[in-house]
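Common to both upcoming complexes is chain A, partnered first by chain B, then by chain C.
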Partner chain A sequence: MEILRSLYEVVWFIVLIALGVGALEGYFYYHFKFHDRRWFFPAALAAFPLAALAVSAPLSAPSFAHWLWFLGAEAVVAAAFRWIVRGRHTLPYLLLAPAFVGLALLLVYPFVFEFYLSFHDLKLTTIMMWKNTGRIPFVGLDQYIKVFTTSPLSEVTFWALLGRTLLWTFTNVFFHVLGGFALALLLNNSIRFKGVYRTLLVIPWAMPQVVAVLAMRGEFHATNGFVNIVLGKIAAAFPFLAHLGVGPVQWLSDWPLTTCTIINIWLGIPFMMVVILGGLQSISSSYYDAADIDGATYFQKLRFITLPLIRPVLMPAVTLGTVWTFNNINVIYLVTGQAGGTEQADILVSALYKAAFTYNRYSYSAAFAIVVFALLFFISVTYLHGFDAAKEER
Partner chain B sequence: MASVQFKGIIKKFKDNTVLNGVDVDIKDHEFVVIVGPSGCGKTTLLRMLAGLEDVTGGDILIDGLRVNDLHPSKRQIAMVFQDYALYPHMTVEENMSFALRLRKTDKGEIDARVSEAASILQLQKFLKRMPKQLSGGQRQRVAIGRAIVRKPKVFLFDEPLSNLDAKLREEMRVEIAKLYQRLNATIIYVTHDQVEAMTLAGRIVIMNKGIVQQVGSPIEVYRKPANLFVAGFIGSPTMNFMHGRLSLEGEKLVFSNADIKLTVPPYLLSDQKKHDGREVTLGVRPDDVLVGRDGQDCSDKVDGVLEVCELLGHRENLYINVGGMRLLATVEAFFNRSPGSAVQLCFNYRNMHVFDKATEKRISD
Partner chain C sequence: MLRKMISAFNAELDSLSSQLKDPIQRRRLFKFLLVHLVIILAAAVCVYPLLRIFSVSLRPGDKLFSTDLSLVPAGATFKAYASLLKDTMFLRWLWNSLVITIATSVIGVSLASTAAYAFSRFRFPGKKAGLILLLSSQMIPAGMLILPLFLMIMKLKLMNTYLGMIIAYSVSSLPFSIWILKGYYDTIPRSLEEAALVDGTSQVGAFWRIILPLSTPALSIAFLFNFTTAWNEYLVARVVLFSSKQYTWTLGLFELQGQYITQWGMFAAGSMLVTIPVLCVFLYSSKWLISGLTLGSVKG
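Right, the complex of A and B next:
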């Protein structure tokens, strides 16, 4: 019976979405098709604001102000369809409409709301005021100033977090590319069981990250983890190594960021490997023949032929990898123990998460998120610009 | 400059024998073209000489030195590839000087050699360009320039013109012929195009199925093909073949099959009695099938039906049915007859070839 209930809920949800899309398409169809009829404006202004009022009734009690607002919005939309769109490209726009409305609801609205929040002060002490009156105190740029002057957590400052994030990103991406490149070079040779190796190497990437990270976290456990057991055995077998300080380490409490880095490197190598392998396989073997005759050694071929020729695939992959690593909250959140764990491993986004959902500083977090976004935007544009320049010279 | 010798070269890819005992001597300053249909092993032979493929059996000698196990760069050869293999991220100049830079050659020396090669190939204007900014013919010239700059003992060309369009191919063919006169180097050139082979070569090596069929000057292989394969491969349009049996009728040796009966003159097959009863294949080039006015005063006329005429401009290809055989005759334009009309033809016996049907070897003189 439980199963039936769940199925019923899923089907109901699907029907609801279908109805929503249908209503949306109907709404746009009306505006496209009848924009030049005499009754276009009266019918639109009579029907749609009332419909919107009915749909929004469960969210807030219908009021005259709401109705006026919907009326104004509909007037603007109808005018745009009558004098600007004028029924052109009906089919393409109708087909695009669900995607655009979905994007607007899921991306544009939250982004605009976040932007709005970052100039106000929504936190634990003002949230009841917001609920009761619908107003939040406007504070201007205060939140942005706070981002750079106060700590999002209890002790670490923004600047320390930024440095840590840059170090984390650089280390990860560096070893992703290095490891991926080395493995791709190995796999690009004609070796036996190549398909098996490739499959095995891609598994960490194919596994859900939560499962992979939690499994790896277990391996770093202080007494029962694989890593410490091996280190302990090595120290016992080679006493001179033990003298040098090799031995079990409290990974999760003493070296949380290092642990996160090791785990994330392991997780990220397969992606780079696949991308670089694709690049390597697209290089014509005649370049290597020509280089052989020209007298290039293995490393010269790597340096003068392989690297320049995989650059076009490597650059976008590095850009993506940088953004993903910079924004990677999963690994840190899952390894260091959820809210209230250590702060030693926090990078910008995980600190941001804690500021919002552990310390309930919503407006501050909104400003913080916009700063992080600006940083990433800058980094990506720089990368892509460099990539374009590289493409020009080819 | 150097001589090259292949001695009993064998190449196998696993169980698949690609080359089966290739013996060729190439002299100093010689332009040798290796020609054959695709899959005959000609490119493999060239790549083995370059050191890009291992030698399964036999020896390769450059200037008397056995090079089987020598690294490609140590063999003092330069190769021009079918797809040019210009490094796409280097300028023309960098491409041409790459080998010298790897060898840490003196900068002035590099510049001198690059500009010399560029002036030979008229590439001075393009030195700073990227390969993708060049046309196919220009890229080909850069690839040749890259070879010249290294001053190798032997130049290897691997189907260098096959990626160019027909007109450009003709131009580059002349360029390469001029280049050979100027460099006076040992050149080994692989192609599947028998026109390139005939026009460029000092000597032609014709290969099929991993075996050398004939080695000789273009005129030798054209006039005296050693076997049926060479006869069919060299020359365009292709030679006509007629299968039949030789028999002695009185003093005369007669070739006959179901459709045709010809007297074989003694200058074609001396010692005529020996050939009585032999199964043979007669080969006649389309130019030597005489039709209309050309064939007025020959004996042994054959009746046929004109099937198709192809006008080429100054010449015309006539496809003529003689019984069950189709013969191609190439005559002066215009042969003013409509398809379906009866024509009489005869053969120029002086240029006729006789091959044994079983061994496919040439038996005429």
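Right, the complex of A and C next:
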């Protein structure tokens, strides 16, 4: 905590000084119209640290770090003055400022902090030391090496988790798109009760996810769940199916990943359906009329009209869906995370959460998170790149 | 509504019997039946778990674990609801959730609305970098930010408070909201603002009087999205809140689903009470939701 506290105070101190000096400086710049001159930047960069140093030198001996701080702060003030306060872009920056200040504090700063943690060793045994002295042992790349060589939980390795995650993501997104597309096609017919059907079909998406997942988990319960009751009844009614192995299954303990996947497919189809339905409704019917005159079959129309025209809607949704599925901690954690849950269903992000908050390996999980982030970033960039390439082709 | 549906279905049946003779009509009938059958099956799969929760919440206390599949169990009572409201702090939990969620959503939407306007209408250095930052923020694993956020909130002495939760949640759906709103603003013709500028408003005035009122659907989608995200969140709440008086409903329901004894009846009753309002809001706004989700992307 000590390091955070001192960091906090230093940052506040600097911010206060920068605000005061910046205001003073800005007044001078504004008054003498300095900021349009060509020598504005060099002069400001040179003059300010000298002045600041003259003020602060009696307080503490100036060091190289001081110089750097002053120089950096001055660069920020001068740049802010030139481009934000007096520049052409004042309004957009002011409009953006609240959102980006929020993002910087609550998203970028934690991210950087995790990065810092990932090179140190913060775990249950060192956290007290950190609290008291503000120091954590620096370990360099050790945590990163450990990510690839040891298990984040008790037995599963990183590579197994990676494979499982890719399988999980692919299966889920595939069935989301397939199911969503099929239902959207059906709903896009002019049928009766369309509104009622659509309403009923989005219910899994509309329900609070915690409730939905826990309810589905109940349905997969070994003796009281709907799935096993029905399977048991089928097996009782058709003995030859029972010989083939149809019957109640220990879903949660023997097939946890399958169970999670089924639940997540159930949860994710409505979103895709809604997005695709919106896309389908924006396709003009004249294309289909023309194809009908040419005698195209249903599947030809699907292949050559619907699919290409739905692409611009589908691709962003699939990208977003892939990222969300990859990062989906809810389903797996809620199904297996409680007392005595198995590790057989864990994917990268749920292992990460458990490593941090069940096993208290903070630094390790920080390194793990950075690796996962890099991986996901790489995947999505390739994905989007492919999308752009396909768009240009068109 | 039910009566209307039934009479419509009867009319359908009447016309069917006359159509059966013609082969083209027969094929159409077959298609009709198939489409409806598949959709009804899918709808059943979607709705059934919700109905099951309802049925569990009605079960009398001694029959919670049964293999009974009927939707209204024998000896149905509302006792679980009564004891949930009386014996637990459920209403308090709902209130906590509501305060936190509404504050978060208002903050999130107002921040997003101005930022999206900047992205939609202006060209400035750093625009592309900003958009990429928004997109890549979606790739940060959920578990990653919790520890630093926790330390920050502890540092600010906001553990176990509304304010701490609101701060922790406020930006979580900001990138997505900005993205949606930007897509919507892009579809509003610039000429509207230009006309207003000619008439003498400032750019901010044009945004306030023209763009914001016109984008009510997108704003409500962003609000809804913020609302549901915060309403359903529990990973951060689990770390920040520790006294059961301050719990949000997610944590409260978890508490009912204890480690060894699960209060299934109360759990189901609580789930129903939480789900129904959200479901109503969601279904009411689903039309806007569809148009808003696709608008930004249709342009490709």
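FYI, the second predicted complex is superposed on the first by the 294 of 394 C-alpha atoms of A that agree within 3 Å, B and C clash if a C-alpha of one lies under 4 Å from a C-alpha of the other, contacts with A are read in each partner's own complex, and residues count from 1 in each chain.
What we mean here is this: a contact is a pair of C-beta atoms (placed from the backbone, for glycine too) under 8 Å apart; a residue touches a chain by one contact, two chains touch by 3 or more.
Just so it is clear, the model here is predicted, and its values are computed rather than measured.
Putting chain B and chain C onto chain A via the overlay, clash or fit?
fit
Once the structures are superposed on A, label A:Thr258 by its partner contacts, choosing first (chain B), second (chain C), both or neither.
A:Thr258 contacts neither chain B nor chain C.
Going by the contact rule set out at the top, does A:Pro308 touch chain B (first), chain C (second), both, or neither?
In the superposed model, A:Pro308 contacts chain B only, not chain C.
Given the touch rule stated above, what does A:Ser284 touch, chain B (first), chain C (second), both, or neither?
Touch status of A:Ser284: first partner only.
With both complexes superposed on chain A, which partner does A:Gln300 reach: first (chain B), second (chain C), both or neither?
A:Gln300 sits against chain B, while chain C stays out of touch.
Can A:Thr171 be said to touch chain B (first), chain C (second), both, or neither?
So A:Thr171 meets neither chain B nor chain C here.
Which partner, chain B or chain C, is in contact with more residues of chain A?
On the superposition, C touches more of the residues of chain A.
Does chain B (first) or chain C (second) touch A:Asp292, or do both, or does neither?
The first partner, chain B, only.
With the two complexes overlaid on chain A, what is the closest approach of chain B to chain C, counting only CA atoms, in Å?
Superposition on chain A places chain B and chain C at a least C-alpha distance of 9 Å.
Show which residues of chain A both chain B and chain C reach, each in its own complex.
Shared contact residues on chain A (touching chain B in one complex, chain C in the other): 311.
Show which residues of chain A lie in contact with chain B when the two form their complex.
The contact residues of chain A facing chain B are 284, 286-287, 289-296, 300, 304-305, 308-309, 311, 393-394.
Quick check on the complex: what are the chain C residues that touch chain A?
Those residues of chain C that touch chain A are 5, 8, 12, 32, 35-36, 38-40, 42-43, 45-50, 52-53, 56, 65-67, 69, 111-112, 114-115, 117-119, 121-122, 124-125, 127, 130, 133, 135-149, 151-152, 155, 167-168, 170-171, 174-175, 178, 203-204, 228, 231-232, 234-235, 239, 250, 253, 257, 259-260, 267, 271, 274-275, 278-279, 282-283, 286, 289-291, 293-294, 297-300.
Which residues of chain B touch chain A in their complex?
47, 50-52, 71-74, 77-79, 81-83, 85, 87-89, 98-99, 102-103, 130, 132, 146, 150
Please name which positions on chain A make contact with chain C in the complex.
Listed in rising order, the residues are 1, 4-5, 8, 83, 89, 91-93, 95-96, 98-100, 102-103, 106-107, 109-111, 113-114, 117, 183, 186-187, 189, 191-193, 196-212, 214-216, 218-219, 223-224, 226, 229, 266, 270, 274-275, 277-279, 282, 311-313, 316-317, 320, 323-324, 327, 329, 333, 338-339, 348-350, 352-353, 356-357, 362, 365-366, 369, 372-373, 376-377, 380, 391.
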